[in-house]
């Protein structure tokens, strides 16, 4: 039996004005298990706390009920006091007789009666409390960043600068990501490569950063502070230590007609290739699917021309297993497929391109060496049409319901750059809304209109029809003029919706990080924890969490890094002791609880149990205390009641219910 | 006004269109082949329903210009489907002309052996909605 | 039936299975019992007839713990239960050799007796009629009239999981599955209350409904354990009847395959399926059509959600 | 011998109920069980077996023993009042009467169960002969005569008349109470009924069921038989057989927290339940086979061993009709017989 | 003439509030001095998804006249998804209670954020009023708890 002490606070007159605190103490004494009750002016004061510690010692209390303000205010204060007095801090319960009683009731009789009942409920609960101890888990001082775009690079750099080891896993042959494909960046119009390349170099040169390119995450196990990850290094067929990056192999490779991923299919590359000139590492890979040697066994030219002897056709995929304390997901995005949008004739005309393709066209290292020209006939365009919201804000199955956020700004950028470089080209932008929140963003858009004479028309395009003369007939509407527009264009640029990179679902599943219906990773709290995933120890950086532009991505990368650093800086993690616990004798092993656990904290083990003499191996739910956050979803879904929540157990809550309804 | 209100209600029932879903992108008007012939433009249909001015729709030229090509329905990114509103307005007209409903009992006397079965079914569908 | 025995003997003989789970002839015309057979000799008492209503899926929980495979005969609707049990890791597919048997509706001796027939000596079937000889004269009753409640809302003749199929099945669905639920929903609160009070006051808490239920496969039921201070052995107060049946139905909501065993075994003839079907109907209406046990993968409706789910206030809004 | 026209039965019930509580078979939501008589009650005397046996009248499924009340830290205890009003239970069959005899052996022996004894003292039993026995009946195997119900009052339903014969003092008293409604009846009609009933009983499928080999002496042999391992397998461990049984007498004692105190009550238990005889150390029957065996050993071996050979099965056939897995005591008895035959 | 004093009906109402939103919302109602009847007693749970239907029935068993659950708004759950499960569970439970003839108004779920002190207080006022109009809970209680 517990020996319970009840401490009723006056809170000056905040409580005592509408609650007869003496009576609450008196009545509490009549409850089973209560051996001490007193009231005091300010229970939270030094003197008040001292009364608690004294009473604990004198009356040998095992449980404490404080009738005072909200537990959100002083629960920690009283738990600490209990600990000082030598009893477990979780043997304290608070009856909230201020916010939930004295402050809302005027009649002293009513207030007192309710306070007595609230005290009674807290007493009933504490009777069933058990000492709880926060668990501890160790922290591996190493972080993993999945994705080597600007988000991943920035996060890695920030973590490395704080002195922790970081590994970047990038699935393509080089880091750099989408940003390396861009020509200029808004709203300053500086060259993307000029600001990105130094970061790439810095990352590759950093002694705390280790980059795995052409690699993917294969498997993840463990939990916050102690993840174990298998990384698959795909066979590059080039020995990275020997290769000097001279490029002769690519030059001599006879298989040159392969569509270049980096140039969005607008250019060609060879079978042994580096995606772009500034690639890091500057080591080519052999694309085995297209390599003649791998397809037919003949050729082998690259091996012959390589003076360093770096070509190695026998290389195999390699699995590297590494431990991490924190994982940052920075998997980025791609543009959506346009196959279903046949009204824009994207698949019919080479002169209808996506904005990302335009970036390549405008780039000096791109397929047209930076000349703006039609891809069908190489002619300089006279009239260009930009169409906004292609697949964005679209609730049908073709598109995405969300706003892709970056299109308004990059379209303004493209329009401006074209008008700047080719003043005789007419640029028309069809938009639904122009969204420019951001520093210097609206100014930027207005400059495109006011200084560069870009023609913005409010209204969607209904149809783009390729004409026999090679022109594109654009049928649109000007909603402000209430007129339908028919105009010829030489080129049409589609501001295509962006979506999370295809592999992210697989990664999210491995990490048990939740993902929304659009495949964006979910944040732990949309406002207060935007860079953390609900899965402890997993952080989000960049577009994998939601559409964002470069400055925002970099900002988020930094804050994800800070969160990771905050975790890595800890020697040990204290875990919340109010976690779920499965009773192995009652557990059916049915997996229903794991289905509702948002943290992937529940796993199953085949374990031998002794059920009152029956020994058998059973499938049993096991809760990982480091992962469990104590929401209790599992406890309700468990039909046998095997799963319970410590600190808020079934019997504790029922005791409160009973005490209130008595 | 109350007339307008009940008409609007009827319109929404017949068509199942939720005009609040419209984001006013104009795709319907951009895509409409008969845009220039219409007095009320496709993207405006929604506003008339929102403003509970069904009479204007019913009395518009557009009502009988629409080809029912359904391009606007096909392309609408918000599933508003303005073309359905035209269809709905037409039905209101049909119903107003009396003989609001077709009942199964009416069928035998109207039955012409030459009549294709499909026509009967679709007529039934239309006039019974 | 001979085909079933023949195949079972073959599989026993060649060692493919270690035992057979089926039905054994009873000592009255209508009481075959679930039974294990381990050799041809034992198979002589094997029977498969209209009264083999028992769903053998749940027995596979224990059979999964035995050495070797168990051949089990499952009717189309029993396979839903097997799937659901598989989904919950309660049975081991590897340990089961499932022969899907034909079914054209199973009989309910209570339905026969309800029609006033007593003192039954023998039952035979002719052209969809049951010919019943009794101590008090001969009677006949149509097959459909004597069918179990569940067969009137048959799930269809398709086996959802099996290794092989023997025999033909017929769909015996001749009434709307949710008709009973709809009828009650249309009542006033007072009528609803009176209806259930009357039905549930018969409950003797024998737990037959629970113990026969393939979804109630808990090692220890909350009503037998003190986890919630909820152990009950008798309905000492009318509240306890309701508590038991509401919670039981809630615990199997989204998992119940509507196999109808609860209503079949209730000694007091309480239409227990009306609880389960209420949840099914609500789930279908609010969260989309769902049939537990159709496969062993789909997430159950109570361990799933959408952002647009109805608010609990919908109960009042529906009136 | 008296008789009463069946059309006057309602008047009879009204009369009895005017003086005492009256329990009799009543149809409620499709099922017939013993219940308190009222004007609205749909009495059904044609049903042979009520779902639950009438043992409730003497040994209810749950009954309060005492109540503790808490006032602050003071606790008071109020024992439950014993039954002090007379009552009549109408329509019991011979098998169920025998069931009461079995219960008497348990509850009226030392130490006396005062709750049960009070009910027995105050209860008057009016029994009915079974004019239409059913295929599940096997009372004959236990020497019970369904044609000759031996209670305070015996009755026979013959066509449009109910014959009424008081057999005890209590029965005489009750007859006196309702005398004005009764006419004199002849023995012959009743004798014909009896012959008729016995003739049907002889034709029942279980009429040749023999209890040979079941007695108090065969404890070890039966207990250790390997047959149990097979027999129990279809058992679902529900309590249907025990709860419909007229002789099962096991009960559990439980506390209910009312918020301001505790009610201590007892309720039927079932040897089929996994927590049957659960004690602090655990359970001495750890598997269903043992629990299953317990039921039949108790009825056919332990009970006769302690009660001069009296079985605690009365052949009412309720378990035969109600077991969800179609298991029952007859199948058990036959299984042992067959095994004996084979040896 | 005898006058029997009819004792005033004082409903017993149990409110389960999630720790992160609704409990804080109730705190805010308190610090803003937004009153609601003292019949409401709050039980703190980590998340609305911790509330087992058994708790709701238990409250009625022991004599509660109304039970209300408050949690974070959908989408704002501290544990991301808890209240979505609550929503389904309670919808089904309430529907079942309605089905067996328990008055609809005795149970309610309301989403109350930490900033919605006003909503908390209005909700509780409304709910208590509703329970007053329904009167004492006689359909879902255990009679043994009545004396």
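Here are some notes:
Order of writing sets the labels: A, B, C, D and E. Residues in every chain begin at 1.
Basically, a residue touches a chain if its C-beta (ideal position, glycine included) is under 8 Å from a C-beta of that chain, and two chains touch if they have at least 3 such contacts.
Note that the structure is predicted; figures quoted are calculated from it, not measured.
Take away chain D in thought and the touching chains that remain still make one piece. In terms of the distance between Cα centroids, chain D is separated most widely from B. Counting C-beta pairs in contact across A-D and across C-D gives the higher total for C-D.
Averaging Cα coordinates per chain places chain B and chain E 47 Å apart.
If you average the Cα atoms of chain A and of chain C, the two centres end up 45 Å apart. Taking the mean of the C-alpha atoms as each chain's centre, chain A and chain E sit 35 Å apart. The distance from the centre of chain B to the centre of chain D, with each centre set as the mean of the Cα atoms, comes to 73 Å. Across the assembly, chain A contributes residues 596, 637, 650, 654, 658, 661-662 that each touch 2 or more other chains. For chain C, the set of residues touching two or more other chains reads 220, 222, 228-230, 236, 302-303, 307. In this structure, the chains touch in the following pairs: A-B, A-C, A-D, A-E, C-D, C-E, D-E. On the chain A side of its complex with chain D, the touching residues are 30, 32, 612-614, 658, 661-662. Against chain A, the residues of chain E that register as touching in their complex are 12, 14, 19, 23-24, 26-27, 29-31, 33-36, 38, 41-47, 49-55, 58-59, 62-64, 75-76, 78-82, 85, 89, 121, 145.
Chain contact summary for the complex, chain C toward chain D: residues 26-28, 31-36, 54, 59, 114, 118-121, 135-136, 198-199, 201-202, 204-208, 210-212, 220, 224, 229, 231, 233-236, 261, 264-265, 267-270.
Chain contact summary for the complex, chain A toward chain C: residues 517, 583, 585-592, 595-596, 604, 611, 616, 619, 637, 639-642, 644, 650-651, 654. On chain B, the positions that touch chain A within their shared complex are 21, 23-32, 35-36, 41, 43-44, 71, 75-79.
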